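Worksheet: one structure, shown below.
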Amino acid sequence: MIDEPRGPVHRRHDTILEVEDVTKHFGGVAAVDRVSLAVERSSITALIGPNGAGKTTLFNVISGFIAPESGTILFQNERIDGKPPHAVAKRGLVRTFQITKALTKLSVLENMMLAAPDQPGERFWSVWLRARTVKAREIEIRQRAMEALRLFRLDHLADDYAGTLSGGQRKLLEMARALMTRPSIVLLDEPMAGVNPTLGKRLLEHMHQIRDEHGLTFLYVEHDMDVVMTHSDRIVVMADGRVIADGSPAEIRRDQGVIDAYLGTAGAPR
Amino acid sequence: MNQFVQLTVNGFVAGSIIAVGAVGLTLVYGILRIVNFAHGDYLTFGAYMAFVANVTWGLHPAFAAANAVVLTAALAVGLEFILWRPMRRRGAGVTSLFLTSIGLALVLRNAIQFVWGTTPFRYRINVFQSYDLGLFRISQNQITVVASAVVLIAGVGVFLSRTRTGKAMRALADSVDLAAVSGIDTNRIVTWTWVLAGSLAGLAGMLLAILQASLNPNSGFNALLPMFAAVILGGVGSAYGALAGGIVIGLATELSTIAVPFQYKEAIAFGVMILALLFRPQGLFGRARVV
Amino acid sequence: MTFVLGAFLSIDFWQYVAVTAGIYAIFALGLQLEFGFAGLLNFGHIGFMAIGSYTMAILIVHASLPMWLAALIAIVTAMLFGLVVGLPALRLRADYLAITTIAFSEIIRIFILNSVRWTGGPQGVLGFAGDYTDFSAALGRRLSSLTHISFDPDRVLLVLVWPIVLLIYLVLRRLTRSPWGRVMRAIREDEDAANALGKNPLFYKLQALAIGSGIAAIAGIFFSYQLLYLSPTSFEPLFTFFAWVIVLLGGTGRLGGVPVGAVIFAVIFAGTRFLEFWPLSLLDDGDRAAVRLIVVGLILIALMAFRPQGIFGKREELLLDR
């Protein structure tokens, strides 16, 4: 799905995503307040914090759905703040949504094929003037999509309307679809919410596998502290729109501020 | 200068009718999320009910007004029970309801035309009396319209701010979920919203027919788009916004004739609305919504 | 009884219905692309048809352009208007877009009504059909000699309209089944999802609006040659609503449903105009017009209440549950 595996990834200490001093207010309240963080290439970073901490808003700002009032966002050393979501996605930063946006009136396979970034047939004139190329690409894309669906064990649902999938299956579909875009970094907004533990575990396994084999970077929002402690290289903690801690799981576990602000409610049902 | 004052007076009078009609439209829009395309035809219905009382039965205009109010309110409530509520219960979405209201508009307008024909009618009231006040002229009709509108608007204002039902209506128009949580009986409020919207529409229809000194089956529909413009200008769901919006639209339409040939003045109302949508979509009194 | 059958069997009657149905089909196909596939609540569709009709007529009468060139420019003009209206309007949320597009079509109608020098105002435009009537007569003669059937102007128009309906249908079918169409359908359902996958929603919606407007202009051109004159009253919002009923009747998103819906609509519409049996015979023209529209309104309500997916639509793809 993402071309051939490149073998074991050498951890290069380069920053793929750099958020610097980003602020966004809504009606007087700072939803995101001078947030800075740096994400290393090929890392798995967890973004945690209580409800209302600003995590989804931060995702929206990074992915271009909301423009920041101040601050900059660098992705692969290019500024993306203020760029619309489709432009950011085309550069290789893709995100999923807290409430899944599986396109219910399209089939599972169509959802996947839609995400492929290199289909000239999506341009009006190519439909008529490059019909053969378009057709060939469709076949390639379908193959790639089916492979991905097989990996996520959704292939038997390929021709079903995405609307018939369960919540957990839709989360998997959204993740698989995001990967079809050949991204460099994937932002997952609560990928495990509402997903049964078996599917959730599978999702996490996929995340590690894809990172290990292809060097993809992951930044995900999560509430389950057990998951976060065992499935991340780094943890960023937010509260009230600010970053209050940023470090390895071991460091975070010891951080008093975090314990006070948040870890006390760890594991409590949302 | 005289022309300016005259146009302002005319604009205010016309605007007050738009305002009265728009209040009902905005409340229904805000609370039920229904863009009621048939609202204009509720006005027409009211105008014809007044006609029946005034001309067919020979009653005094005050009774005609009462007739217009009561019967249009009854129409609005009746439709809520036989059409809107069942559709909402079946999960009809906003677009479905909008399309339904278009169908309803067609039915109402043409039923009226079927019964009364297309020839314009007139009420049995004095249309020729007018007063020259130096700076401007004002006709008896215009005075009636603006006086009635002012009374109505004041009444509506009191109702919305002082009575429990009125306050509940405003709360609902702001946010249906919040209001439901706070224990308000949404169905009852919805019914009362239609009563209010229907009454105002019926009266606005009669006032419109008085102002224009004639009524025909299309009268109300022709006022519909200016009313929508007023609603959008004032901010959807805001009754006060609709009132202000109506006056603004009325003034803009009349005053525009200073610069623009009068045949185009209807287009001006639409132009104002489009500008509002482009630069301040939440309207004058609305709150900017988060994406 | 023979009187009834006589009316039903009249070839002229069915020809007229068929031409009307064809014009409605073209008009509604444009709307189907815009709403059924791109999800746009365009309630000003008739405005673009008016731009098509009047641009062509004005170019012929005032600039003496030949029919083909005038028609081509008219179609392009309508498409450009689609872009001009779309750029600001398509950013608005759905209900505002609906109201804005109606306002737009009314602004167009008001301008047409009052630009007497160019459009003839309420009197309308005459005298643009010279080229066409020559062409139509010549074609009629050719077809007559080939088939040994007489080809009056209505019949010629019939032969011209329906192949275009088919052509537009095939073009749209190809488009909507292509990857382009897939992006459109995604945007229709959830533009944020499409945006997050690298597709630019505004860009696609503009294309749908422009193409749909061009198709409306094509319908306008045929409409002009059916009537042989133009007047502003032919371009009221009512006609946009007819297109909506046709699209909804055939099924939102079902291209093949549009010609079917158009035929049904044309039969109801034209049929009640000419049929003379009881109880229709009790009503005069004005009343019949009113009854016709009441029926249309009731059909619309019934569709929304009981079968929103129309005749051929699929419930799973229903766009109207928002």
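Residue numbering begins at 1 within each chain, and the chains themselves are lettered A, B and C in the order written.
Keep this in mind: contacts are C-beta pairs under 8 Å (C-beta built on N, C-alpha and C of every residue); 3 or more make two chains touch, one makes a residue touch a chain.
As the structure is a prediction and not an experimental result, all values here were calculated from the model.
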>> Taking each chain's centre as the mean of its C-alpha atoms, which one ends up farthest from the centre of chain A?
In response: B
> Of the chains present, which has its C-alpha mean closest to the combined C-alpha mean?
Replying inline: C
> Using mean CA coordinates as chain centres, what's the chain A-chain B distance in Å?
Replying inline: 49
>> Using mean CA coordinates as chain centres, what's the gap between chain B and chain C in Å?
In response: 31
> So, what's the distance in Å between the C-alpha centres of chain C and chain A?
Replying inline: 44
> Which parts of chain C, given as residue numbers and ranges, touch two or more other chains?
Replying inline: 319
> At which residue positions does chain A touch at least two other chains?
Replying inline: 65
> Where on chain A does chain C make contact in their complex?
Replying inline: 63, 65, 84-87, 89-90, 94-97, 101-106, 110, 113-115, 117, 119, 121-124, 126-127, 134, 138, 161, 163, 177-178, 181
>> Give the list of chain C residues in touch with chain B in this complex.
In response: 41, 88, 92-96, 98-100, 102-104, 106-107, 110-111, 113-114, 241, 244, 248, 286-287, 289-294, 296-301, 303-305, 308, 319-322
>> Which residues of chain C touch chain A once you look at their complex with the stated criterion?
In response: 174-175, 178-180, 182-183, 185-186, 188-190, 192-201, 207, 316-317, 319
> Which chain B residues qualify as touching chain C in the complex?
Replying inline: 35, 83, 86-87, 90-100, 102-111, 113-114, 117-118, 225, 228-229, 232, 261, 263-264, 266-267, 270-271, 273-274, 277-278, 281
